[in-house]
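Next come two complexes built around chain A: one with chain B, the other with chain C.
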Partner chain A sequence: MELWGRMLWALLSGPGRRGSTRGWAFSSWQPQPPLAGLSSAIELVSHWTGVFEKRGIPEARESSEYIVAHVLGAKTFQSLRPALWTQPLTSQQLQCIRELSSRRLQRMPVQYILGEWDFQGLSLRMVPPVFIPRPETEELVEWVLEEVAQRSHAVGSPGSPLILEVGCGSGAISLSLLSQLPQSRVIAVDKREAAISLTHENAQRLRLQDRIWIIHLDMTSERSWTHLPWGPMDLIVSNPPYVFHQDMEQLAPEIRSYEDPAALDGGEEGMDIITHILALAPRLLKDSGSIFLEVDPRHPELVSSWLQSRPDLYLNLVAVRRDFCGSQVECACWHLNVHSPGMESKRRYVLPEVT
Partner chain B sequence: MNRHLCVWLFRHPSLNGYLQCHIQLHSHQFRQIHLDTRLQVFRQNRNCILHLLSKNWSRRYCHQDTKMLWKHKALQKYMENLSKEYQTLEQCLQHIPVNEENRRSLNRRHAELAPLAAIYQEIQETEQAIEELESMCKSRQSLALWPRLECSSVIIAHFNLELLDSSNPPTSASQVAGTTGLNKQDEKQLQELALEERQTIDQKINMLYNELFQSLVPKEKYDKNDVILEVTAGRTTGGDICQQFTREIFDMYQNYSCYKHWQFELLNYTPADYGGLHHAAARISGDGVYKHLKYEGGIHRVQRIPEVGLSSRMQRIHTGTMSVIVLPQPDEVDVKLDPKDLRIDTFRAKGAGGQHVNKTDSAVRLVHIPTGLVVECQQERSQIKNKEIAFRVLRARLYQQIIEKDKRQQQSARKLQVGTRAQSERIRTYNFTQDRVSDHRIAYEVRDIKEFLCGGKGLDQLIQRLLQSADEEAIAELLDEHLKSAK
Partner chain C sequence: MSTVGLFHFPTPLTRICPAPWGLRLWEKLTLLSPGIAVTPVQMAGKKDYPALLSLDENELEEQFVKGHGPGGQATNKTSNCVVLKHIPSGIVVKCHQTRSVDQNRKLARKILQEKVDVFYNGENSPVHKEKREAAKKK
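Our next item is the complex of A and B:
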């Protein structure tokens, strides 16, 4: 069947037909219907959506729209300059679309295919296997910004607030905070070299490299925290790996095959990294400082009871927020605000031990 | 025999603002001196005020109609009443004891009226000066009145056939006052000086009328706001003439924004096949955007023989429509949104999200439950940005509803309307076969559609005319109400 398809194909696309050179990549050996050399953007999207759907690729239409828009120089298909919707594409553009789409057929996430994605309006480079920032995490950043605005007496002085991000990945959280808090400074850490260099690259692209310190270290190892250049922090922010280990194999191929599992796997109850971060508090967090975390929907209760079992940390779970998708839909994640009360509480707590 | 001189201002309804002084002699020996004087052209050409308020009518002045005359009297009366009220208030506040609350509102009204009263005062003084100037010209005997005039450089030209024949050139005003006859050269000098004087006074009164006009026109609440402009293609029985036309109109407004140095931000663009446009929306921000674009809302009609698209096969004149909606954009404080009233939908599969899922569909749909308004946005890759845009559009739509409620309460008979009443009105026709754009509200026509659709000077001129008409109507309404309440 395949051979027959190829023969027919060769007959149809003989030399001189339509006069344009088409570099067909036969690497996938799939018989694909011939594309007219004068296809427009709309027709291409329609074509590739069909191809993706047939192969069971999720988000078929969105994927083809993003790919075509990207090749034509726009971020979304909706924002494409209207004149380009119906103009015929060049053969290089067609080739480019074909290459990118073939990667989509391999279940590569769109963000890695395009090599970039947006977060909080910032354009960031994306490189596998560094974790791709999720839209829910944009809400976490919003919350942090609200809190900082409320404590406005701290903001405004240079170097304030001082923020630590644990597991920076592509640098999404750090850089969006830096760009919206012009006085802030950020220390971003990650245990993966790839994440460190990607965050570096993004910081430079956005010209924020002067206010961010990117450090390659593993927060779970005992001695790591002594290597930080500054301290203590006003805020600790993180989207730590929080997937329950048993759920890892149910993740979509896009995630399983391309993203770093270490950025996802949180251990048996998904709490491993979370507890490590919370345990940092006494050493790294200022009084009246806060830790902002994104966690699995099952975690708020687990975190609450864990904190109760660790009074030595002097931390309170003061607020929880779910993603904004509304009550009809099951929530994707929760955001936690874990607060460290002032010195007064600490002193008060210490007294009973003295008899 | 009293040969008297009639001087009146004759203003052409042209945008150059040329003043023509017709100095006409009412007598069987008829001489007309026609002079063109360039007056200061003000920012907006307020021709109408001079129509309204110039004192000397002529049957030959065909641009006026009785409506103007009436308005003129009504305006006079209105200003008189305002002036009286102002003076009464002044008396009141000074001499009569009032309690605190009343005092505050009286003070407020006093402050409101103060500038109007001041302008009115000045207008009256200036008009008196004109009257005196004119009465000088009426009869020869009035020469004796000259020393009584306050103006330092007043020289009256006495246009009288008898005077034209006399000689003895005057060297000063008093000399003129003393003499009973003037020769041709004197005449000419006096003529020029008189006209100069008249020009100065005219300029002054013109300026005062403008000020008065500006102060009287009620300020529109939302004029300084930014807008969201939405275009939607109409329906026809076949072909895509509406969609093509919609795209051309949207492009026109985009170019106009450029022309006015505004910012044009695309919010939504839904194209149709063959290069047409179903629906689009943009946010336009800058100085006084709503003020300029508010009268663009309504149905725009097109008549043409289509060149491209499905309809072009048969060479027949097609008619199509498209609608433009202009929504003033509120500030955050203007429209309160209760989170409880909102449902935010993102197009993700029900179930897991966060780290468990990688989705690229960042579209957002906002539903405002109490009103049922739905806004969607998929303009950006960042979901939170789409959410911001959706909120902005929702706010604008809700704001529009608030404005509607306001406007509905004012029963207005104006030809130029904003709001839902205007939305279904056919306001303008673009006839390509006759190369003509006609605005039906002010009976305005312009040629060269191609130039008009470029969204530059052509469109700007039309908009200026619309604003002018709207102001005129606003004042007429004001006077109407005043008359009604006086009765």
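Our next item is the complex of A and C:
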């Protein structure tokens, strides 16, 4: 055992240390080959953290903590019962950790290794190559919820608000909105069959399948929009692919090798799908409806200019929010609220003369 | 041309530099876009204590341990630990109970709210009263 591990061992075995005495009182405890001496959760985390670090795997400690916690039935290491931190693991558990860790060594994202992840308090199945929901997108959902709460006329009546999600992936955005807006209904679309299946599976796991319509369609195709089951939407929400095409090759191996590039690549300026969604507004959005988008930090200005070039859409970029980020970290993305004014405003709006 | 519908882009936003300890930048938006309300701290979780001292977001500093570099679609970060500090009392709470950042932030606020109430109210805090009553029932 490495020196660090030995010191930890001594620390844990000292007098009065809760858990360790209980651990060693197990009469059924056997010496564990071949990871002899490395048999408790804390030691395994330490061991695999070291292995990951040596191999240059990012988030070495977080990865090993999530894997070990998962095998022990907890979502995070901190939420594990402290008694379990120092109890010896069974050989099956050790084997399971070894298998999951070997996938991490192949740069598989933790969420795919565990086959699940959490979003806004919901536990969702994760399956490659369906896009893994990002933490920043939780804030997009929070913003939508605040807006809905402020528009009291939309809340409370059955079937309201009616929400369209473009590019639903695992169903994270749709399902978190449905679960927190008990009267809402959602139409979720995606061009990938795998995403449709996964959203369907997650909807059923959460018993939300009665209020969501999941439709396999490519929203960039003209014909797609003729067969929607419901009328104009109160809200359109999306975390569309917004990576600039030239940035795609710089993405980490976790993303490049495992996640669907179509969920990320937004074209030359990352705007292709964004502009498609905004162009849907006249057809799909109610008066006083809103479109909420997650975008790259370079997009608010680009979206603003683009909207000015398309007065026929009657859309205003009314608000932007930076995602919350710590002090040292560059902001990851921005969230946009693009609003469609009511009919009165539309009638008063004077189209510029073409000269 | 009518000004209805013209976009008002809050350009000063792009020049705001992040404050130390991660003060929430979107709060500055409230000055520019009155439509966005600063939401009061909400109680998450099962237990609801009556009338705990409420926390003012302006007195909190949150260090969101997300790692370095860009995020959003371009990265896949799993370090969702939240570190929350109540400036006036100096109490710090670290929460990594869930895999959801959003939930960790809510839980951190709930735990911090309880600790801050105990800090100022001591034995009179509903937190301690509940514990005493629970102990009596045993």
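By definition in this document, the second predicted complex is superposed on the first by the 310 of 355 C-alpha atoms of A that agree within 3 Å, B and C clash if a C-alpha of one lies under 4 Å from a C-alpha of the other, contacts with A are read in each partner's own complex, and residues count from 1 in each chain.
The definition used in the following text is that a contact is a pair of C-beta atoms (placed from the backbone, for glycine too) under 8 Å apart; a residue touches a chain by one contact, two chains touch by 3 or more.
Keep in mind that what you see is a predicted model, and the values were worked out from it rather than measured.
In this overlay on chain A, chain B clashes with chain C. Within the superposed three-chain model, A:Arg322 lies in touch with chain C and out of touch with chain B [touch as defined at top]. When both complexes are overlaid on chain A, the residue A:Thr86 reaches chain B alone and has no touch with chain C. In the superposed model, A:Glu301 makes contact with chain C only, not with chain B.
In the overlay built on the shared chain, the residue A:Gly167 is in contact with neither chain B nor chain C.
In the superposition on chain A, A:Val110 makes contact with both chain B and chain C.
Of the two partners chain B and chain C, it is C that touches the larger number of chain A residues. Once the two complexes are laid over each other on the shared chain, residue contacts for A:Tyr314 go to chain C alone; chain B is not touched.
Among the listed stretches 96-104, 366-374, 420-428 or 474-482 of chain B, only 366-374 clashes with chain C once the two complexes are superposed. The intersection of chain A residues touching chain B with those touching chain C, taken from the two complexes, comprises 59, 62-63, 66, 75-76, 78-79, 109-111, 117-122, 132, 134-136, 138-139, 142, 239, 241-243, 247, 251-252, 254-255, 259, 264, 294, 296, 323-326, 328-333.
Contact residues of chain A toward chain B in the complex are 42, 59, 62-63, 66, 75-76, 78-79, 82, 85-86, 109-111, 117-122, 132, 134-136, 138-139, 142, 239, 241-243, 247, 251-252, 254-255, 259, 264, 294, 296, 323-326, 328-333. Contacts from chain B toward chain A in the complex involve residues 247, 266, 268-269, 271, 274-275, 277, 343-346, 348, 350-362, 378-385, 387. Residues 1-2, 4-7, 9-10, 13, 18-26, 29, 33, 35-37, 39, 62-81, 95-103 of chain C touch chain A in their complex.
Within the complex formed with chain C, the chain A residues making contact are 59, 62-63, 66, 75-79, 109-111, 117-122, 132, 134-136, 138-139, 141-142, 146, 150, 239, 241-243, 247, 251-252, 254-255, 259, 263-264, 294, 296, 300-301, 304, 307-308, 311, 314, 316-333, 341, 345, 348-350, 352.
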